[in-house]
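Below, each structure is written out as structure tokens.
Both of the next two complexes hold chain A, though its partner changes from chain B to chain C.
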Partner chain A sequence: MIEQDLKQLQERSIYIMREAKEKFGNVAALWSMGKDSTAMLALARKAFLGKVPFPIIHIDNGIDFPETYKFRQELAKKWKLDLIVAESEIKPELSGYSCCGENKTIALKKLMKERGFDALIVSIRRDEHGIRAKERYMSPRNRDFKWNYKEQPAELWNDYSSKLDDKGHIRVHPLLDWNEIDIWNFTKREKVPINPLYKSKNGYRYRSLGCTHCTSPVKSNAKGIDGIINELRSTKTEERAGRDQDKEKEYVMEKLRALGYM
Partner chain B sequence: MLITRVTLLGNKDHGKSTLIGSMLMLTKSVTKERIAEAERTSKALGRKFEPGFILDSFSEEREGGLTIDTTRVQVKHKGAAFELIDVPGHEELIQNMISGASYAGFAILIISAMENEGITQQTKRHLFLAKMLGVTRVIIAVNKMDAIGYSRKAFDDIKEEMLRFLGRIGFDRDSVSFIPVSAYNYDNILARSKRMPWYTGEPLMQSMLQFSKQREKDGKSLRISVQGSIESGNGTLVTGKVISGKVSKGDTVASFPEGRSFRIESIYVKGRQKPSAGKGDDIAIKPGSGPVSRRGSIICSGRQKPLVSDRLSGTVFFVREPAGKASIRYNGIELAADIIVHKVIDIATGGSLQKNSEIVLNAAKASITSRKKFAFEKFNEYPELGRFTLYSNGTFAGIGIID
Partner chain C sequence: MAKANKEISEVNKDPNEKNWKRFYALLAKSPIKQYRVVYRSRKLKNRQDLYSSVVELFDAKGRLIGTVPIYEKKGKKIRGATKYLTGLSNINRYE
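Let's turn to the complex of A and B:
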């Protein structure tokens, strides 16, 4: 896994977030209390000199880990976040990824409609999955949250999409260029608070965090961030290996994304 | 680690995906899962292992055997890191090719040496566009050498023809290198191949290493592209990106098109106060006399100022027929504009085409008039401030550079 230059990465993320704020009146960001979206909040604090100037959305299906809820509460207070909790249901009949995919999408759609957000900052990284490699820094979604990846707007130099499909919104991806290990290097250097689930407990830790239903821990003895970084330097498995949903179908992400799953 | 972005150009089917796949294999930059997946697909399609399949993650891309959008992968080699950007190589997707190539530090152009493939119109168009996009250094990988018995003559012929073309479109001879490869058999990719003893140059990845070490010099005067403003505890700050030069606290600078000077009271880089900032930094500055710059302004210092006008002449490249309301996007702003094409240029020869010939996918000289004055630079002097995109009725229609 390549460790990239943090300065270069941060510059690009800051530029993209400022660009989103300049271009779109009503911006919000998704926060899962995971390492990526928490790093994104730390970057927003840098871009906007100490405060996060947009609402932060947690789509809550009620079955996240207790540690996650505690972390949410503490950091929201410390960083004075304008936190919106959007409750999503769990409908088992939508089996498979019923806890995430479709149910979370429904809750997000409802919230987007109520609040009229025209841009949504989402902390995906290109190295997470082959399909994410197709994303642009700013990718439009139509009214039904569909992603037309075959006809994406041109995105060149620093000219990012600003065209809003009618009633759609723009997904803004400030972390697109970051690798998993870059997030940890940044987290360490900037002392970004982390969800304790990432640290090893009884020989296991979470590498990628979903909710209690769809994530399982990986074998690890990494107690602190240094341990995590060392582990990643030698790993040969994919980050989302601990996510059940991936195993169900090879192209599950493609599907989820077309459905509007972040 | 600084990562160098490399775009892979070339006609479709000349072997871009295969070459990237082979680099991933040779540098062990890919997980077992991905290799296994590619093996499964190759087998399912009844072929021997296709390194190119490591790249394709969309099912329909795989079946159709072509790249639809840009794909990016990272490889490490001898302490250098590269992000390889695979752009689609066929005509309808030239807009995606442009998006991918616009981020590149240098390019690798692939030309298949097979008799029925060779140098095509698309090969030349890609190079021409790369030049417009600001790519100045190119490695030309002449691929599929295995399929033509590793013939030196075929390689030399391609090299000779390409050198003539490169000279015509303004590439520096020293910024281009030619390497005969077989992406399939891994010849001259990581190590020099015994099957082509007549080739005494470097293997591809060695050449990439050399290219990545050459950094652009920045001997230019200060230019800040203004992004907008933010509110902070320290009042309203102007945000922007330093395109060239250096700026320090206490400097007096001037903003255009406003034509007003001000003193810089404080500079923030990545959220922290700093005494100065340089090329590439995204900054927020507190102007002494209240903000005068707006999105689209250019801040400079020294005697040489940006141009301010409502008219410019440039070289444009349309990806689709301009229709309806035309506009250009430049330095963060969109300007309604009248675009008049003076002549259409034949990319292959550099000569003029007939006045009324097709402008789509051909270059043209044009003059552009906007409704209001704005600040800009020539592409030759400040490449990042000398280029714009063309829109018609709000849809991307092409790119341009300011002559």
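Let's turn to the complex of A and C:
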């Protein structure tokens, strides 16, 4: 795994977030309490003088890990986050992948309609999954949340799209060029708090965190961030190998994203 | 321990918000320290899969104390209920 220059990555991410805040009147950010979205919040605090000047949304289907809820509670208080919890139902009678796709997207759509957000900061990275590699830093969604991945803005010379479809919104992706080890190097350097599930316990840890249903731990002895970074320098396993959703057929992820979920 | 059993029993009988909140209020004072989530099916295909999934509760030494459901009934809606286990430590294993 290539370790990139953190200073350059950080500068670009801060620039993108400041651009989004400047161009769009009503911005919010999604937070899953994972390492990426927490790193995004730490970058936002750097970008905006120690504060996070927009609401933070957690789409909660109620089956996240208890450690995740505790981490949310503690960090929201410590960083004085304007936290919105959008509760979603669990309707398992919907088809297999739709636990996230349908249930969480419905909750997000409802919230977006209520609050009228026109830009949503989402902490995806291109290296996580093939379909995410198709994303742009500022990626338009139409009013139905649909993403036309076949026709995307060019983003030449750091010029990012601010054109909103009628009642659509823009997905802002400040971490697109980061990779997994960059996130951990940044987390270590900036002493960003992390969900304790990332650390090894009894020979297992969670490398990627979703809800209790779709996330499995991996064998690891990495008890701290240094151990995690050392492990990543030699691993050949994909980051999201423990995520059931990604084991669905590849087109499923593409379909989810085209429908408007992250 | 008898008190923990009562709250666990109530939540199993009827996992409504009131019973879950009572269970959560008890948690800090109980011997329950760890949990393991057990889904009956790798994919939740229907409500029965969800209803038969449980959270196993253990003390600090890993002894099983009881099990609770993974869901909460909120009126006609079904939501997850793992937020009521905040403060416990995960001991899931997968081979």
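Just so it is clear, the second predicted complex is superposed on the first by the 260 of 262 C-alpha atoms of A that agree within 3 Å, B and C clash if a C-alpha of one lies under 4 Å from a C-alpha of the other, contacts with A are read in each partner's own complex, and residues count from 1 in each chain.
One rule holds in what follows: a residue touches a chain if its C-beta (ideal position, glycine included) is under 8 Å from a C-beta of that chain, and two chains touch if they have at least 3 such contacts.
Being a predicted model, the structure only gives us computed values, none of them experimental.
In the model built by aligning both structures on chain A, chain B fits alongside chain C without clashing. Applying the stated contact rule after C-alpha superposition, one finds that A:Asn202 touches chain C and leaves chain B untouched.
Touch criterion met: A:Tyr15 reaches chain B, while chain C stays clear of it. By the touch criterion stated above, A:Phe48 is placed in contact with chain B alone, chain C being left untouched. Within the superposed three-chain arrangement, the count of touched residues of chain A is higher for B, of the candidates chain B and chain C. In the superposed pair of complexes, A:Asn61 makes contact with chain C only, with no contact to chain B.
Of the two partner chains, chain B is the only one that A:Glu155 touches; chain C does not reach it.
The superposed arrangement places chain B and chain C with a least CA-CA distance of 20 Å.
Touching of chain A by both chain B and chain C, each in its own complex, is seen for no residue at all. Per the touch definition, chain A reaches chain B in the complex via residues 2-5, 7-8, 10-11, 14-15, 18-19, 21-22, 45-50, 53, 126-127, 129-131, 133-134, 136, 149-150, 152-159, 163, 179, 236-238, 250-251, 254.
Of all residues in chain B, those touching chain A in their complex are 1-3, 31-34, 37, 56-59, 68-74, 76, 81, 95-96, 98-99, 102-103, 133, 225, 227-228, 230-234, 237, 239, 241, 268, 270-272, 280-282, 284, 295, 329, 332, 384, 387, 389, 394, 396, 399.
If you check the complex, the residues on chain A that touch chain C are 60-67, 69-70, 73, 87-93, 96, 99, 197, 201-202, 204, 211-213, 216-217, 244.
Interface of chain C with chain A (complex): residues 35, 37, 39, 42-47, 49-50, 70-72, 77-83, 85-94.
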